[in-house]
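Pasting a structure below so you can have a look.
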Amino acid sequence: MNEVEKIREELKKSGAERIVAFVKKENEPREVLAVLSQKDIDKVTFSPLSVNNPAKLLMQLNGKVAVVAKGCDAMAIRQLIKEGKLKRENLFIVGISCRGVIDYRKLSKIEKLSEIREVRLEGEEVVLKMRNGEKRIPFAEVIEENCLYCEHPTPVIYDVLIGEAREGRKDFSDLEKLEKMSREERWEYWISQFERCIRCHACRSVCPLCYCEECIVDPSNLAISPMSTAEDKASYPRLLGKTVNAKDNAIYHIIRVLHHAGRCSGCGECERACPMELPLRKLERKLEKVVKEVFGYDLNEDIPFFSKLDMLGD
Amino acid sequence: MRTSHSSQSLICWVIKMIYEGDFLKDAISNLLARGYKVFAPVKLGDFHLFREVKSAEEADFGYILPRNSAKIAVFPENEVLIKYSSWIDEIPFEETRIAIVGIKACDAKAIKLLDEHFLEGFVDPYYKSRREKLLTVAITCEEPGINCFCQSFGINPRKPEADVVFSRIGGKTFVNAYSDAGKDFLSEFNLRNEGEEEARLRQNFERETLEMRKIEIDVEKLKKSFESSYWKEVAVNCKSCGVCTYLCPTCFCFDIYDEGEKKGVRIRAWDSCQFPLHTLESSSHNPRAEKWQRLRNRFYDKFYYALRKGDYYCVGCGRCIDFCPAGIDIVSVISGVR
Amino acid sequence: MKIVVFACNWCSYAGADLAGVSRLKYPEDVKIIRVMCSGMVNPAWILRAFRQGADGVVIAGCHPGDCHYMVGNYYAKKRYILLKELLNFIGFEDERLKLLWASASEGKKFAEEMAAFKNVVENLGEQEKLRWKE
């Protein structure tokens, strides 16, 4: 039985009414998330191009749900359970011991996407089933950078695990290059990145941990009620405008990232969603490092990071 | 639907010439030397972005489509309208002429659609001031991208509706002008008329249909299925971000707001119908509070409401499909309406 | 120089008041904003201050253990460290941000710390990196 068949089997066994899993996207080789019922179970598929994080989708659904989760997805689900946004007893998690996913953008540079029919992983190689024939490329060439530093490739919570448990990496060597730069160089680097941002807020919208109904970075996060007076509305503090320029974008990204300190599951959705390819994970990684090294907090602890107060001396 | 309102059909003369050398770079240098503000695709890492360029070297033309649309040249993401303190300073319209070099057929058509929106009926002075000074230099497409479907809207990717059209066919540089402005611009270059053989080559190139996706739009079905649960199914994975609208070459929504309390500026900035705040009224009522309503609005806006203007407000560039983080595909959504 | 101080109502604001009452001099560049607790200082306010042209920002609160709301200053410290590290990471001068514990009786300390902080900020020069210009 291959991986996909095993996944289908487990989803069927779970008996859940609704299933959150990956299905093939029309016209493209990648997979997208869908909410399915038991009768559509044959549509379920999985490949290294099943990149998205289902955690955000789960928050919309009630009742028993079966979900396919990679290591990072399980981290996010666990975090949401910790924060009371999901109920463990409602979930049936088919955990997948993940070897990393393919960077779709890297793949599109190597091969014409319209030619690719199917993608699967075999050993250290990616097998591309093309319109005519097969092609093999080394996995290392197309793996998403984020996955190279994945700390939890094996789901931290699951009901069934598919594949063998894997060890993750625990160092922060991806940050070394930036940390070695001088302050001015770093500023140059980041400002040239932030300058591209168009503030579509995709990084915020796709993040499974950004579930606030009113977001602080929204142009007007004004709690309006029929009782609000004109004066209330006028004097409501607006922390961040809609102006799009490198500095304001920098502030937007700092605020956004700070809210993920000690929570980020490391799925990399923000970076994948960004149409301007900002290296957003680097910011999150930096905070992960601070949380770990300065505060000594481990993401697996049951107490949320911000509720834990005894970790610093005076 | 109106059949044709393009400038091409109005002009009986068209000059078709051949240029020796790197036309696009020379065009940028020429435009810059004449004081134009030039927008051209700049290569950043692995992708291209339309940006203002200061020299011809910055531009790079090895792309199918730049990430962002060329609308930024006429409808910038941010624009200061007035300055205020104890008095109000109107910001005068910029006098600089604007050029877009490297625009493709879809984006060129999108600018025509934006014209309908901003210049017919109520005239938007800010848009108008830029649009009047705009010169477009287009490139023909050699091959389509994976999610291109412009031909579904009667756009010929080999024959963009622009002032000047550049194509590279069989190693030769063909340069055509389709408007007075384009003709004037070309008069600055050393061109020769195309020969008979070359004319045939070009015509064949223009006539060729590219193999690309097709969108099937059934307006009657759209009309009937407004209340359908189909939209909820489509939107279940939608994240309510603004990628689709911010990258769309025909999206024109904006928001005007003041930056600064006693002293500051009034800014016009892009807005997206996908954000919950877009339709939030100050009475606290939100007519499109749910994300499926907002997503539905986007599709109806493009394929149903816009018909009042006579055209679909989609040009088939496929950016929203390529970059949707949830993989929502406008072609399958519209083709599968029920 | 513009220095913005978010001072907690119970300790630091009273401390600053004491400095004034005791006729201690501290730099006139210091603008104090009274907040109910240092724990309510949102990092977004600090960034907003920098955007509006502040050259330095101080979060001033009660000594650990003395918080009127028990733990507010612990939150403040946590946020402060995270923001400072992040600002440093993107190449902003993180010395422009300071956390100060000053009790209601420490008027002298408040004045001295302010003078010292002004020195630090002055050496860095005007803050241009996040200041907003039209």
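Think of it as A, B and C in the order they're written, each chain with its own count starting at 1.
One rule holds for everything that comes next: contacts are C-beta pairs under 8 Å (C-beta built on N, C-alpha and C of every residue); 3 or more make two chains touch, one makes a residue touch a chain.
Computed from a predicted model, the values in this text were never measured in an experiment.
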*Farthest chain (mean CA position) relative to subunit C*: B
_Closest chain to global C-alpha mean, per-chain Cα centroids_ = A
*So, what's the distance in Å between the C-alpha centres of subunit B and subunit A?*
31
*List the centre-to-centre spacing of subunit B and subunit C in whole Å, with centres computed as mean CA coordinates.*
47
*Which integer distance in Å separates the CA centroid of subunit A from that of subunit C?*
35
*What are the residues of subunit A that contact at least two other chains?*
243
*Taking the complex as given, what residues does subunit A use to touch subunit B?*
25-28, 30, 32-35, 52, 56-57, 60, 105, 108-109, 112-114, 196, 198-202, 204-206, 218-220, 224-226, 228, 233, 241-245, 269, 272-273, 275-277
_List the residues on subunit A that touch subunit C in their complex, please._
178-179, 183-191, 216, 239-240, 243, 247-248, 250-251, 254-255, 257-258, 261, 283, 286-287, 290-291, 294-295, 306, 309, 312, 314
*Once bound in the complex, which stretches of subunit C touch subunit A?*
42-45, 47-48, 51, 63-65, 71, 74-75, 77-79, 81-83, 85-93, 129-132
_Looking at the complex, which residues from subunit B come into contact with subunit A?_
44-47, 49, 67-68, 77-78, 146-147, 213, 236-237, 239-243, 245-247, 255, 257, 259, 267, 269, 271-272, 275, 277, 280, 282-284, 323, 325-327, 329, 331-332
